[in-house]
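Across the two complexes that follow, subunit A remains constant while its partner is subunit B and subsequently subunit C.
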Partner chain A sequence: MNPVLAIVAPFLAAFTIPLFFVFRKRWIGSSIVLFGILSALLSLFVAAGGERAVVMGGWNPEVGITLVVDSLSTAFLILAALGFSASLSAATEAFGYGPWRFYVLFFLSWAATNGIILTGDLFNLFVFFEIFSVAAYLVVAYPPRSWQAIEAGFKYLIFGTVGALFLLIGIAYAFMATGQLNMAILARVLPRAPETTLSVVIGCLVVGLFIKSGTVPGHFWLPDAHSSAQTPVSALLSGVFVKVSLYALIRLTFLLFGNADGRVFFVLLLFGTVTLCLGHLMAFQQEDIKRLLAYSTVAQVGTIVIAIGCASAGGIAAAVYHAFNHMAAKMGLFLVAGVLAEDRASRDIAQMRGLFRHRPLFVLAFCLFAASIAGIPPLNGFMSKWFLLVAAAERGALIPAAAVVAGTVLSAAYYLRAITAFFSPAETEPPHLRPHPVTGAIVMLLALLGLVLALAPYIDPLREGLLAVGSDTSSGARYIGRVLQ
Partner chain B sequence: MLPISYGTAIIVFCIGLYTILSKRNLFKTVIGLSLMEGGVLMLITSSGYVPGGVPALLPFAGGEPVNPLPHSFTLTAIVIGAADVALALAFIIKIHRRYGTVDIDKIRGLRG
Partner chain C sequence: MKSPRNLQRLGALALSLALGWWLWQGVTISPFQGITGPAARYIHGTARDTGAANVVAAILFDYRGFDTLGEASVIYTTVCGVALLFAKRRYRRSSHGLSFIVKRSMALLVPFILLYASSIIVMGHLSPGGGFQGGSVMATVTILFCVIYGSSFEAARVSPKVKETIESSGALLFVLIGLVGLVTGGAFLTNIAAGFPRGTMGQLFSGGTIPLLNIAVGMKVGAGLSTLFYSMVKILEDPTESSPPEV
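Right after this comes the complex of A and B.
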């Protein structure tokens, strides 16, 4: 199956929904559901279709735009399909089908996400990043009545655009140095560029991706966007949007600079450690439950950046594994926190007392997800942190490894603060108790996904798949060979 | 010839970045974004220059054509930049309606 279908299907949805609004209003609801299922299925089919590289329009790879499916993009396609479907189901329950503009933006960001994951062309990567970002700014600012959300969206826009321009100037330098934009060809010719040029290209690309992914010097947009957005959007931001930039970081650092310049990985280790520490410390001080979860996301981004910075096959495997675990757990946490905050009409942790008696299943799910994020042994978060610590120890990066362990303790402390509030007796009954059957089902599925992921190291196909992602991506030879065969 | 155009592009980029970092007025922030974008686009466009080149239009008038590829990148990036700026201005209008000001310091939500 041609990989472009995974990009075309959500675009088709995004551009058909307005037509339905004009001509057949009654079909909007069912079309959103059908397009969601279609997009998810096509993404999964493309992911399941095996590795291949397709040059659009039948040109040479030097001229045409390549779409590449390799093991890393397969993993992230699956992650995006799972995350977007979960968020879409939660959004249909939270918003209904009335705000069709939201779903247009939703599908636009889905298409662009798949595009970022599949593309093998540097400039095309930038274009997809911008489609994705413009849709993301608006999705964060939804609904337009909420002032906080508008401000968070504006802040995200400023940071995101500065990041995108750094990305673009890096791409421009790479083009000026080599005259090529295809990533596989660049991987061959870029290391021959002068060392100064290479440093500037690396610097610009890494700064751009740091800002886009919310690594420390550019993390200011992340807590605001996560806490001000609506619940399904917060879940999506944390589960998928942040991961896409990390995917681009893995792909570009290893493909373009993996052999050329090892210093980039030292920078990743350094900033990953700073991000991790700052994220955990800031999360510790938060009173607002969604801001707490958002700063915890900052910390987990730091963890994944450390895993990338280990510059080894094991490090990449740990990064991908942790991305999946964080997606499952943090999406669940945001969905549960949204439901509980709605019950109390407040996001203040102190107001969340006594909710265990009202929503026992949601609170138990919260405990499971929190334990998984903190890294309590049998759960999935522990497994990926274990992989990460092994990779970091092999690399000799002991300070980042120690920071990961210390962060585990801190995160256990701040999640316990929220959980203590849920289990302590309440002074007042919660004012409303709207049933959330769809969100409940998604939370259950995410918990199941987490349990399956916890067993991944013991299930042969999954373990082999993860290790294959690591070994294929760290050398890059397989990717280059597939594109230039 | 060429180093001057590259230098100009980088200086414009840096002026834009400085504007974003230092100015407290939201409109000036957006102007900074536009300046940064202009700088990058100038850099890309000038990278296609060939000394003594002719415009890359068919049929060739003779001589070596300049590289037309950066020009198409620039067009794409201009469209994207226009979308970004338009969206930013729309957000500013919404923010101004709520707070009656475009000063970052007086807007509560845009903190830390």
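Right after this comes the complex of A and C.
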């Protein structure tokens, strides 16, 4: 199956939903569901279809735009398909089908995400990052009645635009130095560029992706955006959007700068460690449950950046594995926290007492996700952190490894604070509010996904797949061969 | 002068200068050795590959047509978001427009501006211009309506739903043309190789899908920019009449 269908299907959804609004209002709901299923299935089919590269318009890779499916993009396609479908189901329950413009933006961001993951062209990557970011600013600012959401969206807009500017400068310098935009060709010719030019390209691309992914010091937008957005959007932001920028970071650093300059990985290790420490320390101080989760996301971004900075096949495998684990756990945490905060009409942890008796299953799921993200053995979060520690030790990066371990303790502390509140008795019963069957089902599925992921190192196809992601991506030769065959 | 705020500004200035110096150092201008790489292919191959006389249009809508789908979708996303954030049910009359003379002379000019916009769109593969440019000129007309006839004029004649339909149909048309290429030519947005007629270079009917894609982008951009303007102009209405925007 042609990989472009994974991008075109959500685009079709985004372009036809307005027509349904104008001509057949009653079909909007079913069309949203159908297009959601179609987009997820096509993404998974493309992911299952094996490695290949296709060029748009039937040109050769130098002239046209290439889409590449390799093991790394396969992994992230699956991650995006799972995350978007979970968030879409939660959104249909939370908002209904009324705000159809929200779903248009949702599908546009899905198309752009698949585009970023599949494209093999540096400028095309930027174009998809633009769609992705604009859609992200807007879904954060939804609904327009709450000023916090507008403010968070505006902050995200400013930071995201600065990040996009750096990306664009980096791409322009790469084009100036080589005259090429295809990433596989650039991987061959870019190392021959003058040293200062190469440093500008590396610096701008890495800074741009740092800001987009929420790595310190470009993280200021992240806690606001993740905590002020509506629950399904927060889950999507933490589960998928942050990972997309990290995907681009993995792809570009290893493909373009892997051989040229090992110093970029030292920078990743350094900033990853700072991000991890700051994220955990800030999360420790939060009183607001969604801000706590948001800062925890900052810390997990740091963890993944450290894994990328290990500059080895094992490091990439750990990064991808941790991205999946964080997606499963953090989406679940945000969904549960949204439901519980709605019951108490407050996001203050001190107010959220007595919720275990009220919604035992949700609270138990919260405990499972929190334990997983904190890294309690034998849950999935522990497994990926273990692989990360092994990779870091092989690289000799002992301080980042120590920071990961210390962060585990700290995160256990702050998650326990929330869990203690849930289990402690309350003076007043929470008012019985509406049931959340769909969210409940998604939370259960995410918990199941987490358990499967915990077993991944023992299931041969999954383990082999993860290791293949690492070894294919770290050298880049396979990717280049695939595109330029 | 020694206040902390000034020190901050000096620090920011120093940082900006350092960044600028770094970017300046990175500029490489290699000695000219003829055109190489993709650029050479674009210049020498456009007529043979696409049948378009305008190399830029050939790059935009054929060689790198997928980028154009993305770029037009950025506008589409923005329009959708602005309409979402500034959503309001009804239009109010905010002004009565300019004098009779201006209104009459504008009425004389409008057909010509629209003709100009259409010619930019449909001749995008022959001369400078194309869907983005022509669409913007088209949107300018609707903005002129607002300035000259008052903000309620346009809404009374062209309903937002019509613009919505035009915009989405343009986007859909682009994707469908791409899918035709996928089915008959084996790759998304295939042009000549998928059986679209190349025509004679320099004629109106030439360049395969390029004129069609220009029209699609023109619909998308023209209706989109117009919606963008009218979504935002609504909150500039008479402040004595309504409450300030709820943000």
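Note that the second predicted complex is superposed on the first by the 484 of 485 C-alpha atoms of A that agree within 3 Å, B and C clash if a C-alpha of one lies under 4 Å from a C-alpha of the other, contacts with A are read in each partner's own complex, and residues count from 1 in each chain.
Operating definition for what follows: a residue touches a chain if its C-beta (ideal position, glycine included) is under 8 Å from a C-beta of that chain, and two chains touch if they have at least 3 such contacts.
Everything numeric here is computed off the predicted structure, so don't read it as measured data.
Engineer: What is the contact status of A:Ala174 with respect to subunit B (first) and subunit C (second): first, second, both, or neither?
Structural biologist: neither
Engineer: Can A:Gln148 be said to touch subunit B (first), subunit C (second), both, or neither?
Structural biologist: Only subunit B; A:Gln148 stays clear of subunit C.
Engineer: Does subunit C touch more residues of subunit A than subunit B does, or is it the other way round?
Structural biologist: Partner with more touched residues of subunit A: C.
Engineer: Now for A:Asn2: first (subunit B), second (subunit C), both, or neither, which partner does it touch?
Structural biologist: In the superposition, A:Asn2 contacts subunit C only.
Engineer: Based on the superposed arrangement, let me know which partner A:Gly57 touches: subunit B (first), subunit C (second), both, or neither?
Structural biologist: After superposing on A, A:Gly57 lies in contact with subunit C but is clear of subunit B.
Engineer: Quick check on the superposed pair: does A:Ala135 touch subunit B, subunit C, both, or neither? Answer first, second, both or neither.
Structural biologist: So A:Ala135 only meets subunit C here.
Engineer: Which of the two partners, first being subunit B and second being subunit C, lies in contact with A:Phe123: first, second, both, or neither?
Structural biologist: After superposition on chain A, A:Phe123 lies in contact with both partners, subunit B and subunit C.
Engineer: Go through the superposed model and pick first if A:Ala193 touches only subunit B, second if only subunit C, both, or neither.
Structural biologist: A:Ala193 sits against subunit C, while subunit B stays out of touch.
Engineer: Is A:Val162 touching anything from subunit B or subunit C once the two structures are fitted on A? First, second, both or neither.
Structural biologist: The answer is first: A:Val162 touches subunit B but not subunit C.
Engineer: Need the overlap of the two footprints on subunit A, from subunit B and from subunit C, as residue ranges.
Structural biologist: Of subunit A, residues 123, 127, 130, 134, 137-138, 141, 144, 147, 150, 169, 176, 179 contact subunit B in one complex and subunit C in the other.
Engineer: Contact residues on subunit B for subunit A in the complex?
Structural biologist: 13, 17, 20, 26, 29, 33, 36-37, 39-40, 43-44, 47, 67, 70, 73, 76-77, 80, 83-84, 87-88, 91-92, 94-95, 98, 107, 109-110, 112
Engineer: Enumerate the contact residues on subunit A facing subunit C in the complex.
Structural biologist: Going through subunit A, the ones touching subunit C are 2, 4, 8, 11-12, 14-16, 18-19, 21-23, 54-59, 62-65, 99, 101-102, 104-105, 108, 111-112, 115, 121, 123-124, 127-128, 130-131, 134-135, 137-138, 141-142, 144-145, 147, 150, 169, 173, 176-181, 193-194, 196-197, 199-201, 203.
Engineer: In their shared complex, at which residues does subunit C touch subunit A?
Structural biologist: Per the stated touch rule, the residues are 22-23, 25-28, 36-39, 41-42, 45, 62-67, 69-71, 73-74, 76-78, 80-81, 83-87, 161, 164-165, 167-169, 171-172, 175, 178-179, 181-182, 185-191, 193-194, 246-247.
Engineer: Which stretch or stretches of subunit A touch subunit B in the complex?
Structural biologist: Contact set of subunit A toward subunit B: 123, 126-127, 130, 134, 137-138, 141, 144, 147-148, 150-155, 157-158, 161-162, 164-165, 168-169, 172, 175-176, 179, 220, 223-224, 228.
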